[in-house]
Amino acid sequence: MPPLITLLTDYGAGSGYPAQVKGVLLAALPDARIVDVSHDVPRHDVLAGALLLEACAPWFPRGAIHVAVVDPGVGTARRALCVVDPEGRRFVAPDNGLLTPFLGPGSRAVVIEPGRALPPPRTATFHGRDLFAPAAVLLARGEDPSALGAAVDDPVRLEWPRAAVAAGEVRGETLAADPFGNVVTSIRESDLPAGAAVLEAEADGRPARWVRTFGEGRPGELLALLGSGGRVELAVREASAAALLGRARGVKVRLVLVGRAGGAC
Amino acid sequence: MPPLITLLTDYGAGSGYPAQVKGVLLAALPDARIVDVSHDVPRHDVLAGALLLEACAPWFPRGAIHVAVVDPGVGTARRALCVVDPEGRRFVAPDNGLLTPFLGPGSRAVVIEPGRALPPPRTATFHGRDLFAPAAVLLARGEDPSALGAAVDDPVRLEWPRAAVAAGEVRGETLAADPFGNVVTSIRESDLPAGAAVLEAEADGRPARWVRTFGEGRPGELLALLGSGGRVELAVREASAAALLGRARGVKVRLVLVGRAGGAC
Amino acid sequence: MPPLITLLTDYGAGSGYPAQVKGVLLAALPDARIVDVSHDVPRHDVLAGALLLEACAPWFPRGAIHVAVVDPGVGTARRALCVVDPEGRRFVAPDNGLLTPFLGPGSRAVVIEPGRALPPPRTATFHGRDLFAPAAVLLARGEDPSALGAAVDDPVRLEWPRAAVAAGEVRGETLAADPFGNVVTSIRESDLPAGAAVLEAEADGRPARWVRTFGEGRPGELLALLGSGGRVELAVREASAAALLGRARGVKVRLVLVGRAGGAC
């Protein structure tokens, strides 16, 4: 099977930078399949990139190689990483937290050390093309990540708000918006206690009605729902929840739960 | 030949949603070729999506499968469709009028019934990934559309302004703008009587000069011409007709015709 | 090896125009690999397109065919070109200067003459689909460019500011910005005298600190550096130099040099 490589960056799709990365990949791997995950990560927003990668990478075949570059520290002392998650998915990215969702127990991380399997990057400002693409080529050719450099146990992990689950409620925060203005929160589907249902929801104290899908909303009404990426989301039918809330990140969210029997759990 | 699948959505190219759709397609069809028609359909604008699909789908090989998702009613009672047009082109889309251009005489439509060939969609909010992509996979594997569900004869059709052809003139309306600000109208090339030529054109009573191509215009001058998609368009040389007109949809357009002999026809 | 075709336009990725070009290519060349270089060239900005092509095309395999269309004169008397550069790279584009970076000594140019190998374009407004894509198909099938039309020695070349190298300094101008707001200048790496180092830099008289990479900057500080495309660039760490300077094109840039020994050279 030809190699499958995905790209996630904040370069802008039309900037020419993704094209240069693809040129490097195709020059080395003429039959590679390359899929753009996104080139529209908000610039330098490592958390937004990490959330997008978390939502997307699991949908690709396990053998895919994921190149992720949101890299305000390019060319400085920040390290470059190759990570293999417990499912066998392979990633290359700067060591700035972008891979946080895949750095759980059972993950392996190595530092990409220029001068080992790869020459030093040709520029200090474009490691997507000059370091991460060549690293992906090596992996696609079957090299083990250990060829790239030494294992490390301290990759940078982003700290971001998690859900706080207490009797009868779950609290969290909004993290990022999609282009519809739907806002994902720090509350994952797996944070909701088994058998519990959401009775009411609030965002910065403002009521949000718990629904199954967008179309159930009334015009302008704030909604809360289980989003397609496994996180609780806020939304407004055919409009932007981020605009309604005034921001995409940092809104406090609270869900009041009831157990299956109907009482507060 | 490997399957060719096109995608048209209002998701935003960099939102991660097209990438998840592609992940599902490639996991099932590793050799599929996937082409983005657009992920920039104005959000929830089913008419704009239908016009774009009308302009683009005919240029692809007949065997292509077109996945089109502009779907404000996702997860509600709206049906999901598979349509085969008289040329054999296959489409999957929500039943909201998005496929109107391909629902003429000789087209076949079936409802995609979860629980038949496909399991119920995993989420209520992302049928592009959870219903339409799996449907496209089945078609790409050679399944007949009838495997997806029962034939229907009442798919939703959008009503949109058509051209009104009268002695010596054709009237219509603008429908949508492209990124240049060129505006397509409801007047198709095929609405112009054979042998007729356009003598003058107007948009909301404002004169528009009939030309062959953009470069014939003077700076700021409103132009009318036969566009590349088979519809009359309004344009301004190296500028935006939509901006000049103040809107992209609903501008009344009138063409005055002359027959080949030079008299009004 | 299947043909590799790149596309650079100002059409907008989601406009449907790139999709129609791809449909034409794939209908004729079902196994073609198509890579988007950019569809976000600023509209009608031939210089910006030329700079982007200059930065990107060299990263692709030599056998790639580059289709470049920024074409305000489409359908007028402007000619259409096929160019082969000294490295064997093949381009098709309007004859308006878009290929200037590849028109040096040793390049070959032929005019694409409709009615020779290709029929006249079907529309006057969309030569990307109706002329340049069919020309790329012919090249991909192994036709020699001479099949398209007669050789010409006067292709349109853009004049743009070049670097002026004098004792101890290099002067130039900014030309275009990328989506980060980094601004490329007319000073190429190859304009800097061998062995010289940059001591100080200015942009419209404003000091710019010479650095290796973005992350060395202080917040809001204007930086100058060797960019990844082989040109001197201006940048601001995690912010936009174009915004700071008030424009992307026409800012005067001056670099003061010292020789390796430390004296002004």
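Letters A, B and C mark the chains as written, and numbering starts fresh at 1 in each.
Just so it is clear, a residue touches a chain if its C-beta (ideal position, glycine included) is under 8 Å from a C-beta of that chain, and two chains touch if they have at least 3 such contacts.
On a predicted model such as this, the values are computed, not experimentally measured, just so you know.
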Q. When the Cα trace of chain B is superposed on that of chain C, what is the rotation angle, expressed as a multiple of 5 degrees?
A. 120
Q | Proportion of interface numbers common to chain A and chain B (over half same, under half different) | A | different
Q. Cα centroid separation between chain A and chain B, in whole Å?
A. 32
Q) Going by the touch rule set out above, which residues of chain A reach two or more other chains? A) 13
**Q.** Residue ranges of chain A in contact with chain B within the complex
**A.** 1, 4, 6, 13, 33, 35-41, 52, 55-56, 58-61, 178-180, 212-216, 225-229, 237-238
Q | In the complex with chain A, residue positions of chain B that touch it | A | 11-17, 19-20, 22-24, 26-27, 30, 34, 43-44, 72-76, 78, 123-126, 129-130
